[in-house]
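Next up, some structures in structure tokens.
Each of the two complexes below includes subunit A, the first together with subunit B, the second together with subunit C.
== the complex of A and B ==
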């Protein structure tokens, strides 16, 4: 039998449940810590961002319309598939130069983190919602609703835990996400995209763009059909003027802890709706 | 079955010849034309031309006078916040909605087009179809969209298909007649070419790709195919016939590719509402969002255009 020729993976974007190359045809090189070429990954353009936002918008109503229980189940399913691909995540992180011990710890924490957020799906309404005492014969409730389409700048470090810690609180409540990742975290992001594509997450709920975050984020900040931008993974790379364009459609700008976990981090991407209901007599 | 070079009669006693279609070359040429890149000022011009050529359409069983009235307002002034955007060419409605549309667009450049002749199948008896056309014209429709009798055409009874278009044209009087070939049902480019020649020979002012009621509709190769038929017909008879693409045209990019195909095949003379139309509903909003992007430098969203 002839010798096997390895079939290397082409690292592509993840938009609307499919894996296209960048419409611009651009790629960028990802090197290992030792300087070896690991991949020519797709370098997303502003038009890829536009298509990803379109896909996220198209998927949002259905995703938010599912029961909280179902969204929790879908996220749990993602954790199951991540578990079965543990070796691949370990290999990707090891290539980027982490020690074997820290890699295993990060993969474990990442999967744990994801499952933890999955559990919040049907609990966050009780913790973040309120029944308000009002002066009048009314029941008065405040309850959380997803804000819509969120563009996430994924943290570069730690590559996997940071990525998952920022995506999970966005999508668990019914938002859809367009995740932009830069060089070091791109391999983890593409590997995660392959998990998402095979684990019951509807196409468009998470879209992954690899490339240059500083190039893509100003377009996200100005985009009138984006509801929120999470700048946690881009703490100081953008000028104030670009961030100010987000005010045109009153986007939420979120800057948070790249590895933290809290129900209030889910709350960063929620709108609070208050309703008054007459009390019958 | 007629062969591809058969002669078809024309209403003035002459005849026209259909030319064979090379399907592979046709699709390759359409694909090549669709790679044309259009930027900045050309893009703005293409977007404005697209709007001026739109037949803004609503053909649903749940259409109401209120919905038609709002559609007409949108046809007259597509972007309420931007008076530099031109009006569309026409609104296209069912006969029952014609009077409401006529009231709404009176005093503007927007024309009321009506589907008629038992749209979309066309399977009523001939007398009923002609009466339907005359009725829509009587209610004030300036343009009539009818369907080709595909039943007659596909069973080889070209004479009957031809005569029915002649009768429809007569019923139209001064109203413009657009003949829908429903290309998705005709099976091949060759059949569409033959149906195009037949409709033009019978007196159609426009030939139109589709009803929009079946999935296979105004593809780029099909529009190229019909544009070539119109060119053939003009070469043979000197008569100018318009082209209308309809069905499945939802994005500005698709629309300007149609403009490229028609412009390259028939010349820029055809890129006017008198000779070219795009039947669409959601297309208009996409075009408006593209124009907003050109104006502001930021991508727009569906919250910033009116609902259909």
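== the complex of A and C ==
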């Protein structure tokens, strides 16, 4: 019997729970550290970004409306599926030229990081919310709510840990995400998309656009139905004029640590709501 | 109760004038900037007048801040930050904030009268709201100065440095207090710009700062209009910006701040829905809706400017609102019986007048009670628009005046949809006696402050601020402290 000839994977976008090619028909090549062609990845266009924002907006109310307990379980389930796909993540990172030791460490930390954030779903309110002792007969409390649709510029390095460290704090509270990624993190991002598609994360909660971040982000910054843009993974590639357009609808711009983990990083994508009610008989 | 049962209609209630004395205040002919602990002449020599909007009388000449003036203020603030203020312990800083709070309490009558003369708001509001809250704000944040390490677990925090703060004319002293108290508590020094139509109470506050021996340069006050504000926003020595004002100006400031990559908090405009269900406490809801829009002449960013009332009670409810506003007393703001004072400025009066004319032109039905307006000064009667469509300008844009629009709804879902159908998201009001409905609504409304069976309540312990285009960051409470601190080290949380 002849030797098995491998079936190569087509790397596509992930929008609304499905895997379309870019509507533009554009692709870009990703090569391994050794120069081998790894993928003709889809190169997302402005229209793809709009479609992804639409999918994210459509999924947001349902995702935010779930119980925190449920969101925590859904994210934990993602970690289970990631664990079962460990070999694939290792293979993707190895292809990009990392040493076997550092690849294994990064995959371990990435899965641990995700589980850590999953547990925050029903605890962040304790740490970030307050009951307020106002000077009058009122019950007064402040609690966090998701800001809405967040466009994330995924860090290039470390490709998997950076990606997960920026997505998890966005979606754990009930935001939905459009992740833009290019270069080394694109393969990890598409692999993650396949994990998400085969776990319990509803379509549209995380959307992945591979391509040129510097091309996609100005459109995201000017998009009037985007609430927040995380520029952590694109610290210097955008001109001031593009970032300034975020003010058109008073977007929350976040610049943070690509590998850090903190409930305050969840807080970067939250709004605080304060409710007053009289106390009386 | 039908309208004819109203006992008030058979009485003729006339209040004798009850004027607050102006003998307690002493306004100088002119004021310079307060920089490095002393009043200094503006570098340009240019001044502008501030007037009493209720009488159009000239109160004082105010220094117009130039970029050079702002630069002097920033330099003084930097020196103070690197000098005495930055070297103090938290509890030492706290002593000064406590002193400021006490001084405001002790001199509250003087401040209240001056606030009313310079801004036109009823003395009962400046006396009972602006001043007590201003003092309370300093008192609350004074207590945080030596407890910052407990505020944000696992985070080592430090002040930003020199903070630029720009405040509006609707609550001049109170907005300054909301900004100054947390900034100073966190250890920053400040360059503050009060609004050009209402600078006097901030300048009187400078007196207090001297009296409590606050080190020179910790708070610097530069007066002027938009150009002065722009000079603060553009100054490279400013480490953090905070602005309260219109959404339009806020967006301009965000553009600059994003380019400079400095932290920013914005408390911007609003178009709050005030939602009344048929199962509400009717009389309380009427009173809440009326004070929600007509207090401070509607010059309130969180004013309940859009009444959404359940269709089944709409006609009766609106009738009662109309009747109630016909009893509001409009006139001399220094009269302790006055409910509706003067519009803050001729410009603002023109904006309100134009907006109401647009409402009429677009087909909404105007109601204004018979209301005699004083001959001098800037006045606008309480106004209600019925027959309002969502597309009408008066239902979409912030008027910042005593103008209420009325729309109806049939279901709670429809109320939520209409309430959220705005780019703003500062506040909202709910009136119903059903607890589960309050909480259901409170979760669904996209607004930073939700008042249920009350309205327009404020407290230094209670975070205040907006969703969406009403801004970001909070003022008040623990959440109001956070924007004035930065993380000193990369504090990776937990074990991840």
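Convention: the second predicted complex is superposed on the first by the 277 of 281 C-alpha atoms of A that agree within 3 Å, B and C clash if a C-alpha of one lies under 4 Å from a C-alpha of the other, contacts with A are read in each partner's own complex, and residues count from 1 in each chain.
Definition applied: a contact is a pair of C-beta atoms (placed from the backbone, for glycine too) under 8 Å apart; a residue touches a chain by one contact, two chains touch by 3 or more.
Keep in mind it's a predicted model, so treat the numbers as computed, not measured.
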For this session: Could you say whether A:86 touches subunit B, subunit C, both of them, or neither, answering first, second, both or neither?
Result: neither
Let me test your reading of the model: by the given contact rule, A:77 touches which partner, first (subunit B), second (subunit C), both or neither?
neither
Ask   = Once the shared chain is lined up, is A:248 touching subunit B (first), subunit C (second), both, or neither of them?
value = both
A:112 in the overlay: touching subunit B, subunit C, both, or neither? Say first, second, both or neither. second
Should A:26 be classified as contacting the first partner (subunit B), the second (subunit C), both, or neither? neither
Go through the superposed model and pick first if A:225 touches only subunit B, second if only subunit C, both, or neither. first
Practice item. Answer with first, second, both or neither: which of subunit B and subunit C does A:127 touch in the superposed model? Key: second
Per residue count on subunit A, the busier partner among subunit B and subunit C is C
Report task. State whether A:273 touches subunit B only (first), subunit C only (second), both chains, or neither. Result -> second
Intersected contact list for subunit A, partners subunit B and subunit C 248-249
Per the touch rule, the subunit C residues reaching subunit A in their complex are 136, 152-155, 247, 250-252, 254-256, 258-259, 261, 266, 268, 423, 438, 442, 447-454, 457, 459, 461-465, 467-472, 474, 477-479, 487, 490-496
Per the touch rule above, subunit A residues touching subunit C in the complex are 109, 112-113, 116-117, 127, 130, 132-136, 138, 140, 142, 147, 227, 240, 243-244, 246-250, 252-253, 255, 257, 260-265, 271-278
The residues of subunit B that touch subunit A in their complex are 292, 297-304
Seen from subunit A, its contact residues with subunit B in the complex are 50, 53, 57, 219, 222-226, 245, 248-249
